[in-house]
Amino acid sequence: MKRIGMLTSGGDCQALNAAMRGVVKTLLNNKEKAEIYGFLDGYKGLIYGKYRTLGGDDFSGILTKGGTILGSSRTPFKTIQDPDENGLNKVEAMKQNYKKLKLDCLVILGGNGTHKTANLLRQEGLNVVTLPKTIDNDLWGTDMTFGFQSAVDVATAAIDCIHTTAASHGRVFIVEVMGHKVGWLTLHAGMASGADIILLPEIPYDINKVIAKIEEREKKGSRFTIIAVAEGAISKQDASLSKKEYKKKLAEKIYPSVSYEVAAAIQEKTGREVRVTVPGHTQRGGSPCPYDRVFASRLGAEAGKLIMNGEYGFMVGIKDQEIVKVPLEEVAGKLKMVSPDASIVKEAKLLGICFGD
Amino acid sequence: MKRIGMLTSGGDCQALNAAMRGVVKTLLNNKEKAEIYGFLDGYKGLIYGKYRTLGGDDFSGILTKGGTILGSSRTPFKTIQDPDENGLNKVEAMKQNYKKLKLDCLVILGGNGTHKTANLLRQEGLNVVTLPKTIDNDLWGTDMTFGFQSAVDVATAAIDCIHTTAASHGRVFIVEVMGHKVGWLTLHAGMASGADIILLPEIPYDINKVIAKIEEREKKGSRFTIIAVAEGAISKQDASLSKKEYKKKLAEKIYPSVSYEVAAAIQEKTGREVRVTVPGHTQRGGSPCPYDRVFASRLGAEAGKLIMNGEYGFMVGIKDQEIVKVPLEEVAGKLKMVSPDASIVKEAKLLGICFGD
Amino acid sequence: MKRIGMLTSGGDCQALNAAMRGVVKTLLNNKEKAEIYGFLDGYKGLIYGKYRTLGGDDFSGILTKGGTILGSSRTPFKTIQDPDENGLNKVEAMKQNYKKLKLDCLVILGGNGTHKTANLLRQEGLNVVTLPKTIDNDLWGTDMTFGFQSAVDVATAAIDCIHTTAASHGRVFIVEVMGHKVGWLTLHAGMASGADIILLPEIPYDINKVIAKIEEREKKGSRFTIIAVAEGAISKQDASLSKKEYKKKLAEKIYPSVSYEVAAAIQEKTGREVRVTVPGHTQRGGSPCPYDRVFASRLGAEAGKLIMNGEYGFMVGIKDQEIVKVPLEEVAGKLKMVSPDASIVKEAKLLGICFGD
Amino acid sequence: MKRIGMLTSGGDCQALNAAMRGVVKTLLNNKEKAEIYGFLDGYKGLIYGKYRTLGGDDFSGILTKGGTILGSSRTPFKTIQDPDENGLNKVEAMKQNYKKLKLDCLVILGGNGTHKTANLLRQEGLNVVTLPKTIDNDLWGTDMTFGFQSAVDVATAAIDCIHTTAASHGRVFIVEVMGHKVGWLTLHAGMASGADIILLPEIPYDINKVIAKIEEREKKGSRFTIIAVAEGAISKQDASLSKKEYKKKLAEKIYPSVSYEVAAAIQEKTGREVRVTVPGHTQRGGSPCPYDRVFASRLGAEAGKLIMNGEYGFMVGIKDQEIVKVPLEEVAGKLKMVSPDASIVKEAKLLGICFGD
């Protein structure tokens, strides 16, 4: 009999439920007697001992359901070792709850921040298996994270809608896609929707090159331009600013985000009408796409297998189409970013997409 | 032989192409020889004589295509009789182009502003048939406008996505739905997506009632609340302000729109985390939904019939499921708003939806 | 306090859950104490006393969920008064279970057959409120039934997919749409997807006119033709046959359905390659479209109001955009069919759509 | 200046247009003067010299469009060297048309059969670059083919719809998914939609194991079962039959396909009601999914680069996330099948999915 704690941490995304269902189905279908403790709202649940015991029925019918049945929270764990406002040592509290429930292991689903904490718990002696969840696809050690392709689908659908209205009105349209630090989501959604210009955090842009592209399109007879801008895109000029300094700069001009700065610059320099659309949190919501359902189920199955084998301390990921286990210490704290020299960027440039560089 | 001018004016929406296809297919399939002059970018094309001659092929395959193949523009025609910046009398210019091309009639697709101008042209002696296009469903004289149901679908899909993430994080989420003057779109998208609170321009809200609803839900164990807010929603307190005064008030607090004012008030008074999402122009884009394709095709067919019969001066609309012709002078200048006493509002209240009144 | 029995009967469709949620939310939100007994699998549950007691939570989160949480069955009640195989008088059994549970009323969701039985129960003295559920839109007394628009969406999406492959290969494609007796679904899905030929049960077809249309299209340069065929479409020649005789005729030629007969005739007479696609039960499945969610919720709200007022013996429907109550005796046993002279059929013909008549 | 012939051959699929757009955009955006000859309806166009000259505009706006603007045909080229009915040597005819137009190369998009012919033309001295198109994902030498993920999406949506109706009625439902020789599409769509049983051509099934799974589910309280069956699934018993013999066997029992044989067996042995749904050609139609749009665009870009570099004789595919070129002789004539020992099959089994083996 295995006693398993499970939690989902960080911004939610599609296929979290599919992944958890995969773990639990695998255990139950393989005659592994398992007791599942679902901690509520991420690490908070583990710290404060809030959980529900879950059976097979709780995981039935959730393959296609967005969000997470356990709830999640974005607790900033920069100071995880420090006591909370009531003097509670959070790491210690998690360890105690783990022991109190006599858990055999924790299954933790999350992104970058989550993995840092998961690795810390591993170092503290807890048995941990993690699953790579994030719409950003920025986790090191896996070719893909679940949530990513679903988010690409949502963002692409938004830009598709913008396409018809932009074409009808002959406008420049900016669609701001999620991604503060990495641009995978913007890059893929931009390519999928035929964006003409794509601005990413990893490739600082020159506004003059952006404008040159708009004007080149106009010369060729295109009366509209679609620009996909990542939340964390940055101009060459501001690339050296700290995040805080840049935020301050935006605030001074009353720009809610970088997209509005880009819009204002184009409007000012060219007199063109520019509109901004921000699909925002819709990108992490809704039913997971078939790709993510298959992928998350496979990850869940392999995580279930690891648990049955008593193999802990791994993130389950995908490499070259095969599901693999990656030591947590290799994953934690690293970001998988878009290299300006990546083949996909070069291919996008071959297609005529402008990155403003 | 009929010589027909056609134009699409105002903000674009779904099924404009479907409607135009309906008109042209009807003419061509019924052996009516027709020459179609497609004026570009709305009334601008008629004023400045910019058009393309169109044949049956141009209308083939566009039933499912969003936007308008003719382009559109939101020319503010408050001063339509006044000369433009070059001294050109715009009304006169339209009449002259109409005569120069020896048109038998104009087919005009548009919303409220468009219909005012269309009626003016009718008064000036031009033959006009109009089709009711707007995602707002606020045209007087027709039960429905095309674009509306498609926009409901887009807005509902956005709120559906927000639903799963709101539930996962236990947050209050505001989704801002298009509609500056009327709330049909917000009302329908809100009801379709299970919004708990719906704020409309026609029903000024009391922020305390909004907060009371959130707290009532929390008491019952719901950890999240979805609020659908129309762009033109207004508090009871501000309902007496002019649009300009209210805009000024928002600007002073650096709120991009009313949703942010609502969000700030909730956050301030309750300490809850509130997020705002603005699907924006996506709501008028993308492929028309099947409902709109059928509806716009039917309208187009009846418009084609009117033209073959030489019956002019009408908007083609729908009443009690039948396509009808409505005299333009009865339509122009009137808005169809959501009455606070409408059955659908009462039904929404029966279901427990809070309007803040 | 109201004690309410609820059941869903007949082929399932989208928005059954939305409608039931509407009823229950209305009762609970308006301080009406209600005990809900959900009979399982349609009338069977009422006959054999199989039910679950349901609370508000059971109806939470099901607005967007297809199918029915109560289960359904297509019990052929032609002989409802006759005893079942164990000698049980079914009508009597239903009355006894109603009385045993001291019900105040039954809420019955179903289509034509269901309404006949519901009316019988009313005649037997039970309090009944019904809701018009069917993808066929063939219930008398209401402009619309829920499920219909969702089924139109599914069928249209299927024909949209067929469109691109038909165009690529230059083929004649037949898509068989649900509808044994009435053609509303085929008519709307056909118009929405740009079908060139639409064959309905109400308008017997002449295969030579179908072929003439295909050849006319070819002459004009169209290399493909899309035909939407209702399950119950029939040729002029066979229109006088009984359903049984026609089935026998099909079976002799080993045609699974009328579509294959049409396909064979076209292939034989013209040498063209014809393909048949049958979306089948997908048309009654999946999440309800926003239109149906709003509509079913409104119906549910008004049904809840009727129950609170103790008004029984009605179907809740829609007439001229308003939700209305219609005496059950007026509804039962009548079909709302597509008249060959209906405006929408004439409009479809204006657009060039061939009905084979 | 490059003179390029282009053709799409075999059953059409999603993203053919996206891939061709990628090639042409790459050439034109990189100042490569190119003349594009689009051969109509696959190899037929090349044999009989039917083509259109194409410019950049022809490839604008087609990224999201299903089908192929060039048309396709499934010419069985088993006897490609043999003369056609008029004595024309087809290979010779293709070579002559190639030379007559002074082509620098052919860009050929297709699946297995297409690649055999493409390799033959290469052997005959023509310059060829190919792109891997098929919903079957069965091309050797590439991890993925475009069209596959879009087809997974369509098939999954169909099974999702079936899920709600199956659950409501407590039925066994069989959905027949495309794939005569290989089961990738069925495997992925089945896993994505939570199918309980998946039958593939590569893993012959034992009907008793299928029935055992249905009964096991029933014992656990599941009142329905979803079975995803590939067109080419086969029982252990019939696995040794030739395709022709098996077809004959089906025909004798008047089963349109294997799904009906499975259905009849279950119905007969268990008395359960079983329904079959066949989404058919919808699986290769409709707009490509974002994944395929990005993937096909990348392939197109790299094909364009090969052409600019004068590198011929390759299929452009994907390996370990990188776009690669694979010598045509290595690709032609090989099938990439689902191994019964593949990790993904094992993972599916861990999840409790039954393959009937």
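Note that the chains are named A, B, C and D in the order they appear, and that numbering of residues resets to 1 at the start of each chain.
Just so we're on the same page, a residue touches a chain if its C-beta (ideal position, glycine included) is under 8 Å from a C-beta of that chain, and two chains touch if they have at least 3 such contacts.
Because the structure is a prediction, the values reported are computed rather than measured.
**Student:** Can you list every chain in contact with both chain C and chain D?
**Tutor:** Touching chain C and chain D alike: no chains returned.
**Student:** Report back the single chain whose CA centre is most distant from the CA centre of chain A.
**Tutor:** C
**Student:** Please report how many Å separate the Cα centroid of chain A from that of chain C, as a whole number.
**Tutor:** For chain A versus chain C, the centre distance works out to 42 Å.
**Student:** So the centre of each chain is just the mean of its C-alpha atoms; given that, what is the distance between chain A and chain B in Å?
**Tutor:** The computed centroid separation for chain A versus chain B comes out at 35 Å.
**Student:** Mind checking the centre-to-centre distance between chain A and chain D? Centres are C-alpha means, answer in whole Å.
**Tutor:** Centres of chain A and chain D (C-alpha means) sit 31 Å apart.
**Student:** Residues touching two or more other chains, restricted to chain D: which are they?
**Tutor:** As it turns out, chain D has residues touching two or more other chains at 160.
**Student:** Touching pairs of chains, which are they?
**Tutor:** Here the touching pairs of chains are A-B, A-D, B-C, C-D.
**Student:** Would you mind writing out the residues of chain A in touch with chain B in their complex?
**Tutor:** Residue positions touching the partner: 8, 11-12, 14, 16, 41, 65-68, 71-74, 154, 157-158, 160-165, 167-170, 173, 223, 254, 256, 275-286.
**Student:** Which residues of chain C touch chain B in their complex?
**Tutor:** Going through chain C, the ones touching chain B are 22, 25-26, 28-30, 63-64, 143, 149, 152-153, 156, 160, 188-189, 191-194, 289-291, 293-294, 297-298, 300-302, 304-305, 320-323, 343-344, 347-348, 350-352.
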